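The two complexes that follow have subunit A in common; it is paired with subunit B in the first and with subunit C in the second.
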Partner chain A sequence: MEIIIKMGIKKFNIWYISSFLISLVVAIPIITVFSSFFETTSNYTSILKDTFLYDYIFNSIYLLVGVLFLTFTIGVGCAYIVSFYSFTGVNFFKWALILSFAVPAYIYAYSLTAFFENYGTAFSILKNIFGQNNYNNSIPKFDGMLGAIISISFSLFGYVYVLTRSSFHYQSQNLIELGKNLGFSKKKSFFKIILPSARPAIVAGLSLVAMETLSDFGAVSFFGLSTLTTGIYNAWISFDDLALANRLSFYLLIFIFGLFILENFSRKKAQYHSLSKGGFKSKKIIYLKGYKSFLAFSFCFAVFFLSFLFPVLQMLYWTIIFPKHFIDLNSLQLFINTILLVSFSSIVLIFFAFISNYGNRLSRSKVLEALTTFSISGYAIPGIILAVAFITFISWFDNNVIKLLGTETIKPIFIGSILGLVLVYFVRFYSLACNGIKSGYLKINYSIDESSYLHGFSKFKTFTNIHIPYLKNSIFLIGVLISIEIIKELPITLIMRPFNFETFATTAYIFASQDLLEAAAAPSLFLIFTASIFILITSRYIVRD
Partner chain B sequence: MEKNFLEIENVTFAVSNKSKVNNVSLNIENEGDIVCLLGPSGIGKTTILRTIAGLEKIHSGKITLKNKILSSNEIHIDPENRNISLSFQDNCLFPHYNVLQNIQFGAARNKEKKINLEIKEVIKFLNLEHIIDKFPHQISAGEAQRASLARSLLSKPDLLLLDEPLSNVDQSFKEEIQVKLKKILSELKITTIIVTHDSYEAFYLGSKCGIILDNQLKQFDDPYNVYHFPNSVEVVKFLNRGILIPAKVTGENSLENKDLGTIKGNFIKHYPKGSDVQLLLQPEDLEHDDKSNLKLEVVDRKFRGTNFIYTLKTLNNLLIPVFVHSHHIHQHEVDEKFGIKRPINIDHIVCF
Partner chain C sequence: MKKISLIIAVLITLSSGSYTNGHSKEVNIFSARHYDSDIQLYEKFTAKTGIKVNVISGKDKALQKRIIEEGKDSKADLYITADAGRLGAFQAKGMFQKGASSKAIKAVVPSNFRTAYWTGIAKRARIIYYSPERISLSDLKGMTYENLADAKWKGKIVIRKSNNVYNQSLVASLIKNNGKKATAKWAKSLVANMARDSKGNDRAQILAVAAGEADLAVANTYYLALMLSGKKGPEQQAAAKKVKPFFPNQNDRGTHMNISGGGILKHAPNKANAIKLLEFLLTKEAQVHIVNNTFEYPMIDGVEPHELVAKMGLGFKQDLKTKVSSYEKKQADALEVMLAAGWK
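So, the complex of A and B:
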């Protein structure tokens, strides 16, 4: 049937409405956090203002700047080397560098401390090689701010690496040749052409890193660092002041919004998808020989070793030394629980993030775009706050709406259930799915959609027959990234999980919180192992680009 | 009363309320007619095609195809429901499908229509055999443009819109494709609107040509009339196929220029005796004659294969183009004198 649509109504089509609703649902816990700004807080607020508040803010800023600098350097550096050069082991490093995703920052922090602490692993190694001596003064200590920056950076640089490498892969040789033609040196080409072209990908990666860093709890609390996140946790747990906890989260959100606005403002009207007019030309890979090949190999190996091998070996060492903990672990059940959560959540996240992105693309509405930007800031809110905000909202809804309708309470459906857990994951990781798909969409010129319509494809068919096949690799990659995040996720799982439902992360945490770090080693190792499997599944795709 | 195949009535073509081409009215009378739109870059030619295809909306006027309203102030049929194919200037092949799969998209849309056009035939005619397995990023811009054209042709649309379809195609191959394209469009009776910069391409392919200048459709006529009877100074300047020189009307069939003397011919439009006019002088209006006493100085000579275009300077510093066949034995160098046959006779006199 021919569709004749009255002008004006068309903008609000099913895609627009779906996209709007998805963003709204994701935004609810964030709105809850914002609304708390007007609630009264306890006396702790004035105490905090006079004491730790500036510490929280400045420590968060120092941590953020340190982590962003290190992840940018390592992530972009590795992405550039493996994308533009060929050397011994390059295909291995292409995917092996992503294995760092499998190591959560808090497990990295345990390993870093265990290795360098007095009478730690480094001490034992030196003693076994050189004999008994007091090596403690010679062994550097990575704790406090430095330890947190290193732990978080090595755990998170993968975001910048993966997204930047993908962007480098799609860069046309024409751009590089254009630089040569203009007389640019390699260095100038890198800073003036290669790097700016990959800007959306780098920014997307750094945004994820920034949000993860600001919401990190495990590593910073382990190093005893006072940041906004630990402040939020203290306000809620120690002083039972949820309003203050939410208010601190609000400051965190403002910080994140500031970064978003700054980036959008500086980007102005620049577009980064290549116009197909001049045609795409595959990159010419430069084959490195001699010391240059050795340097490239050494850099990549050092990053691989420090980010993955080092924590794995440390955990393995503990597991071997204390085998009883390993034998007692119900690893199969933990594995099934983890996989169940991962599969369900990834599918839901990708499905809705796709619809939301397509709705945005079709409508090109500024209101919708603003709402989406607002909703993805959920990533910056610490998992604890999201879980509490969700429980608060469900309780309010149950008391004020469900009760009035006279139906049964909905609390058991959403609180302490898999569904509730997945919903909070949804809010938490929506940014990851949404930004990932958005980044893929930036590569599809709008005229591709128009071309599809002109060949008789409806909006839905364009979505299923053009966009999904084109973005299938991106979808797969995003699915893996989400899965790895969920495997590692701790606070939301702890609060929202059904009774007696454990994952590797919660088991490791429970042992660690009881000061049984050696017992936490086995579930940590399993966690790393499971996450690594997900990465290995994608290795062929990653090597093949 | 029988209606036109395509009717555009008082439509203002615009993107985001930014006016591009105002108040356009044009008709394509019969199915299978080819219309070409000419105009400088950025004037809004592509916007016209996009609007007809349904990718942009209109806020005034009406577009009707086969007696069905496609766009008006109140109605907007979505592009996928118009059966109009637009071949973009920058080709827009689907990047994740190879050339053959891309072309098959056009054929797939058309499988229910009975048309006498095989994929193989189109591939051969557009010389795409060697690239059918390649992906868009592996082919040249010209090849991509031909593949895009093949895809559009195979969809056998009610209306085919081609945006600079051969702008990236090699010159050596261009004329061959133009001939084949005209033949295939005519055989399949595909009504087509072609946007181009190339006036020769427009004059060859189009049964009618539209000249878009200064946010308006300045002239819409058959190619011969557009060239020989331009309706405004702007069209003359845009086509750049002649110059305007000052002259005074001296009689029913004559006028006088200070440098060239008496010029005779038939006026297209009546001007009273003694009127000061601007006469359109085209390169083929003057003839070479070494014996003539009217000598002008050669300031430039362009070799165009079959002909030379001389640029001659008059005593009053007018620069006049003159067409001479290239096998003509009397070649003149720059700064030499060039004789013009007198009296000057022009078949039709166009003045402004």
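So, the complex of A and C:
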């Protein structure tokens, strides 16, 4: 009996409790999103609702299928070519293809529209080459659903590319030789051996893409598409129709849980694969020559051009022909504000993700594990919905708890403050930090902890002297990934920010929303440039690992 | 770690210069109307009165939600947005207080464009654009919004999506004048006349007519002037010249008007300053600044619109019969009618 009690006390130590609290804090807005929809107030006819509902669901499905198809083709295609072949520029493409992470989907959407619209940039180019004519009808139009699919795909395919590439990287030559011995053609061994063995990585990449696609607001609302996300926004925020919002979030939840199951499933497989390390033989790189080298180069260059150069050139073009917007921009202040948010949030996120992971590791509690998994779902909830849920929760808490205690209101501390902004980022990007640290931790064997305790190290000392140095690279990488996400983040910043506080993202949005895409070009360029620097810093980690 | 915290401390100090520090000589604006030129205007106001103007701009409904949730503790004084229906909807939620119609404001803003709770700051008209190459002015004689449903325009009209608030207000005004049933029929015929599924913003509709995709477009007035000004580049300037504006319903109630405007929030901590700012926005100086930057029509008499807007036509009859404050009540019906008609 005494032993059990002792074990119980041991289990509920400070690490356990702080880990529990962190997960709970992250879970609160998520719970608010779904619980607030169980009140029923509704003012729309059911016929109208059904029209909405089907539109939202089918548009989300179309979007998802389109984006998954494109990101799969581009991401796996590029990863395969740069991993198995050598050709002119291959070392450049290995990291250059990651630069697409610097371009958020909404900025891609601005570029796409500006280039292909009637009398847009494409028209100007044709006119300057071939003279005056009406080219508008022969220029393809990439707007609506197609525009959204393209914009989102090119800004997200990097997930599939990076994960698939690292999986190819560790693929053993033995497998490929097995195919050869069985008399497989190149095509057959690609489809029967190489692709299936990278499946867990591909699925993990695609499920990240899927979650980001479902939660996209910027590109989708720019093209005026009605998806589940814009639907929840409209139903909840515009019409106060909680019943419809409830139904829509229910469908969104189904999507998300489906993805979670898929992702977890593939993760388990990935662990299984990495175990079979015996007899690893690094694979032979095939050197391409002649037209084959040219084809490989062209494919990679096309992807690099479309995903990164194209939006950058369009923005650069505008900045050059409308220099006034560039000169008027208070870029230093915007940079400081952006970097402030980035550094503040990434430190907070990594710090707490660490504690939570360590707590999980010490306690090995199923309850805690489940709560952590649930709190990670914040990633799949659209930022704008999360931000409004946070505001709603703070307001409810203030009115029902704080006011009863008779203390001052806490609203100004959390709403319209840097602290509040960072807190919502925290909920949104917690999964990124948490999963990142977790995967780093999985590589540290439990026996290391035990020998540390045997050496008389306390839990805290084990944490600071063993784990942190061990995970230095993971921390660095995750810090940069979070930074890139926050530089690009728009809807949360827009609604949570203090007075007179702008970032590159909000400035670009504000110009774009008054139909001045030319003026949005300069802040967009700065945004892409800042994010690119972060990417370049980490590219050697991403490419290698 | 020490280095990092030092950097953060420095950054916070650097950026905190721009926050509100709670001093009484200030006014806080939540704005869903984001013109850069508005910021210049606020700077002028500060120079004149010493009252500091703090702004948060963002998406209309999300800002409203934040104000509602902040409740009594909200620092927001003034809410500014485009579209009378949006202002009306926020008023219906009880979020404004009386005060937007001070004596000075009543004296200059016509009663159609204000209520006790909010006032218009600038006007815009939602009009028809046509291609003079393919449509002669005589074809358009006596043309009304109602006529857009005529079979002779089959496959010739472009207009943006039904989720657009300017369309919702236009259709709301039709429901107000012709009833829901007639407007439902009208919407069905209009959808049948569309040259393509609705997409793009107002400027894209005008460009579609210039490019020959359609013969008629429905869009707000300031978009054409924006293109004609060359601010969108020489290509669009040339394209805009291929399109002519037409002001519908001149023989009956007049052309559909809308506003951008603002109201004083229920829990405004700086109400007096907010009224001062609204009054300032309606002075001649501010109105000249607005019309020359946004190409809207002035709200007060005695100010000329921008030259390019004036060239589009000045003496047209505005619909003063349908009060802009009535849009809000019919916007939900308008959306229903449009969706039922298959208006994307």
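General observations
Following the convention adopted for this analysis, the second predicted complex is superposed on the first by the 389 of 545 C-alpha atoms of A that agree within 3 Å, B and C clash if a C-alpha of one lies under 4 Å from a C-alpha of the other, contacts with A are read in each partner's own complex, and residues count from 1 in each chain.
Going forward, a residue touches a chain if its C-beta (ideal position, glycine included) is under 8 Å from a C-beta of that chain, and two chains touch if they have at least 3 such contacts.
Computed from a prediction, not measured in an experiment: that's the story for all the values here.
Contacts of A:447 after superposition: subunit B is touched, whereas subunit C is not reached. In the superposition on chain A, A:226 makes contact with subunit C only, while subunit B stays out of contact range. Once the two complexes are laid over each other on the shared chain, residue contacts for A:128 go to neither subunit B nor subunit C. By the touch criterion defined above, A:458 reaches subunit B but does not reach subunit C.
Of the two partner chains placed by the overlay, neither subunit B nor subunit C lies in contact with A:400. Of the two partner chains, neither subunit B nor subunit C is touched by A:181. Set against each other, subunit B and subunit C differ in how many residues of subunit A they touch, and the higher count belongs to C.
Contacts from subunit C toward subunit A in the complex involve residues 4, 7-8, 11-12, 14-15, 18-20, 28, 34-36, 54-59, 61-66, 69-71, 73, 75, 160-161, 163-164, 197, 199-204, 207-208, 210-213, 223, 226, 231-233, 235-236, 238-239, 332, 336, 339-340.
Touching subunit A in their complex are the following residues of subunit B: 50, 53-55, 57, 73-81, 83-86, 88-96, 105-106, 108-109, 136-141, 144, 151, 155. The touching residues of subunit A, when paired with subunit B in their complex, are 2-7, 10, 275-282, 444-445, 447-448, 450-459, 466, 469-470.
Subunit A meets subunit C in the complex at residues 43-45, 47-48, 51-52, 117-120, 123-124, 127, 134, 136-137, 143-144, 223-224, 226, 233-234, 237-238, 321-322, 328, 333, 336-337, 339-340, 343-344, 347, 384, 387-388, 391-392, 394-395, 398-399, 409, 411-412, 415-416, 418, 491, 494-495, 497-501, 506, 510-511, 513-516, 518-519.
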